[in-house]
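The following pair of complexes shares a single chain, chain A, combined with chain B in the former and chain C in the latter.
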Partner chain A sequence: MESVILAASECDVSEEIICAPKDVLELFFFEDALFTIGGFNFTRTVFLIFLAMFIVLGLLYFGLRKGEKVPSKFAAAIESLVTFVKEDIAIGIIGPEGVKYAPYLLAVFMFVIVGNLFEVTPLINFPITSRMAIPLFISLVTWVIFVFVGFKKNGISYLTGLIWPKSVPIALRWLVGIIEFVSTFLLRPVTLAVRLFANLVAGHLMLTLLLASGWIFISSVGDIGARAIIGLPWFVFGLGIYLFEIVVAVLQAYIITLLSAVYVQTSVHPEH
Partner chain B sequence: MTPEAADVLKGAIALVGYGLAAVGPGIGIGIVVGNAIQAMARQPEAAGMARTTMFLGIAFTEALALIGFVLFFIA
Partner chain C sequence: MFASATPWLLATEAAEESEGIDLLLPESSELIAGIIAFAIIFFFAWKWVFPTITKTLESRQAAIKAGFEAAEAAKVEAESLKNDYQAQLAQAREEAGRIVEEARQAGESVRAEVVARADVEAAAIKERATADMSGERDRVAASLRREVADLSLDVAEKVVGSSLDRASQQALVDRYIDELGGLGS
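Let's look at the complex of A and B:
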């Protein structure tokens, strides 16, 4: 059990009141590779990425395959999910041409929602999106898409419209231009990635601290006697956070998809 | 100051910094959600649009608090 709960491996239950790791930064270090193939390190996170990929592929394949006359409940649920991303996010935000971006948005939504829900899946309990590489990669792909679409649809006026906006009084144009340039090209991918990453890290950290503290205090009742009662409020609080994290996991997947769509929309119609 | 005391002090200052970073977004999210609820109550047929915009507003506002949270760990 101690090796499973990394955060609480060293905890003096007779002195402390919560099992915090000695250095929280340890949680952000790379794990040791389980094995290496041709320079690629295979860690638990890599396996979970592949697991998430196969889950998404399986859900979409079995949910959307043709052949059954009456769709089952499972197929109807998957179909309504796909329709939600396509109609509400892609077409609803970007407009009629948003259909082109629906496959990308669906891929992001499904992968991130499965990755986030690993956080509250028993026996896995690790959101793969709490490793910066995954949110950063997703937001960089979104960045490439919206910059490419902006230049393709508007030519060079996409850039000049940003750094020399015609609708602003001429004395302020340079200032607004700098702010727009920095926020569009530099801050957007960073905040998009950090939002998902920090939400999941915060949730994962909170669940680990509370549930591990609760478990360790209660399980060491033989050693410390009545002091073990400290574990009970931690455990109850942790279970409350557990329910909250399910909502956060779904909401953050929705928000990263929505923001990707909004960023593409600002490139397709830069005036609005 | 001993290195241990400096470490403790650094952690404490980072904690205060995160607290300060959480104040503004807290107020901001309150305003966003409050006005979205008002909009939904006044115009229930536009509730879907108000909800989508509300989530967008929350996401933009929340980013500041989350950057503060990340800086707390980096510090």
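Let's look at the complex of A and C:
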């Protein structure tokens, strides 16, 4: 955000009606390493990834550390969050054996929700999930889990059941088989990653452009006079999107966790 | 409007060359950081969060259960205490009723005794009075009779001028008075 606001001097407020960088992709790259350890670039994004990790660990640790009989409000909130992932997502979707996957699903949910909420966290304003690394990694882990569980639980019939579904009329069976195979093994990891990533990219883009434009126009009222009013709708709209993005951040974290559970469930009980 | 050598973003050189596809490809440093961070969160969740919360919830469940059981026991105890008190209260009421009844009966008998004794005394007094009175009357009557007989004899002596046989005359007068008394009474 700081670098965007620095751009105020470069935005031609007397000609343009919105301030945007020539290449919006710039909003997602922090190329300059804060420092480098043996060729590993410790960029702002890398820093934020570890910050998210520490926040997640801190929330869980301080929420559950005491384990009091009558929990404080904070402890009750963290407990209900953990219980929600375990009871409603892991056990609720996968079934009684879903409890095994609860730690993974909790890690996904907590890491993604904190990473997403960085989008609307003042002074951070950058969702680490708008970088492909984290959504892609989580999707691949989910993919590995559900493929592994599918073969482990059902043997080769996991694969044959998908590409030669007995419940479908024989004339359509090959077609449905191809669609199922492609959607399960190829599209699932891609859609899972892209859904999260694209939502956060879009949100970050909108917030940055709207709020930065609003700020730049309004703050240059001394130079451009009445034209500064252009900034007002951008700013108001940006604030509206800001609230909306809080919902998106929570919802997308829930969706990727839920879908990971659903994918595992279809491998545990492929007939459903 | 965007001067290329400006701080639009600090990473201008690389960014200028960036294509849309770059956004879709993970940065290796971010991928490594993400894997490390995620793995740490996962192990923390696996090894600490779930064992801890399970322990907490179980101990809370036990505490709540114990609380309910204690409340139940206290309720039962209170119930039995209440029954005891009610029984004792009923007993006490009965006792009180009995005592009152006894007192009433005792009072009744005392009263009857007092009344009876008073009656007896009254009767004795009355009797004594009656006896006194009748004695007096007899005495008065006797005296009167003697007096009347004497007077009658005196009158008769004066009339006949001689003394009469005092004793037989006296008996005659007495018999006459008795006859009068018999008529009168």
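Just so it is clear, the second predicted complex is superposed on the first by the 253 of 272 C-alpha atoms of A that agree within 3 Å, B and C clash if a C-alpha of one lies under 4 Å from a C-alpha of the other, contacts with A are read in each partner's own complex, and residues count from 1 in each chain.
Everything that follows uses one rule, which is that a residue touches a chain if its C-beta (ideal position, glycine included) is under 8 Å from a C-beta of that chain, and two chains touch if they have at least 3 such contacts.
Keep in mind that what you see is a predicted model, and the values were worked out from it rather than measured.
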Contact-wise, after the overlay, does A:251 reach chain B, chain C, both or neither (first, second, both, neither)? first
Please indicate which partner A:199 is in contact with in the superposed arrangement: first for chain B, second for chain C, both, or neither. first
Contacts for A:42 in the overlay, against chain B (first) and chain C (second): which applies, first, second, both or neither? second
If we overlay the two complexes on their shared chain A, which of chain B and chain C does A:223 touch? Say first, second, both or neither. neither
For the three-chain arrangement built by superposition, which of chain B and chain C touches the greater number of chain A residues? C
With the two complexes superposed on chain A, say which partner A:92 touches: chain B (first), chain C (second), both, or neither. first
Considering each complex separately, which residues of chain A are in contact with chain B in the first and with chain C in the second? 25, 28, 197, 201
Of all residues in chain A, those that touch chain C in their complex: 3, 6-7, 9-12, 15-16, 21-23, 25-32, 40-43, 45-46, 49-50, 52-53, 56-57, 60-61, 64-65, 67-69, 79, 82-83, 86, 102-104, 106-107, 110-111, 128, 131-134, 136-138, 141, 197, 201
In the complex with chain A, residue positions of chain B that touch it: 52, 55-56, 58-59, 62-63, 66-67, 69-70, 73
Complex contact set, residues of chain A against chain B: 24-25, 28, 88, 92-93, 191, 194-195, 197-199, 201-202, 251, 254-255, 258-259, 262
In the complex, go through chain C and note every residue touching chain A. 1-3, 6-16, 18-20, 22-27, 29-35, 37-38, 40-42, 44-46, 48-50, 52-53, 55-57, 59-60, 63
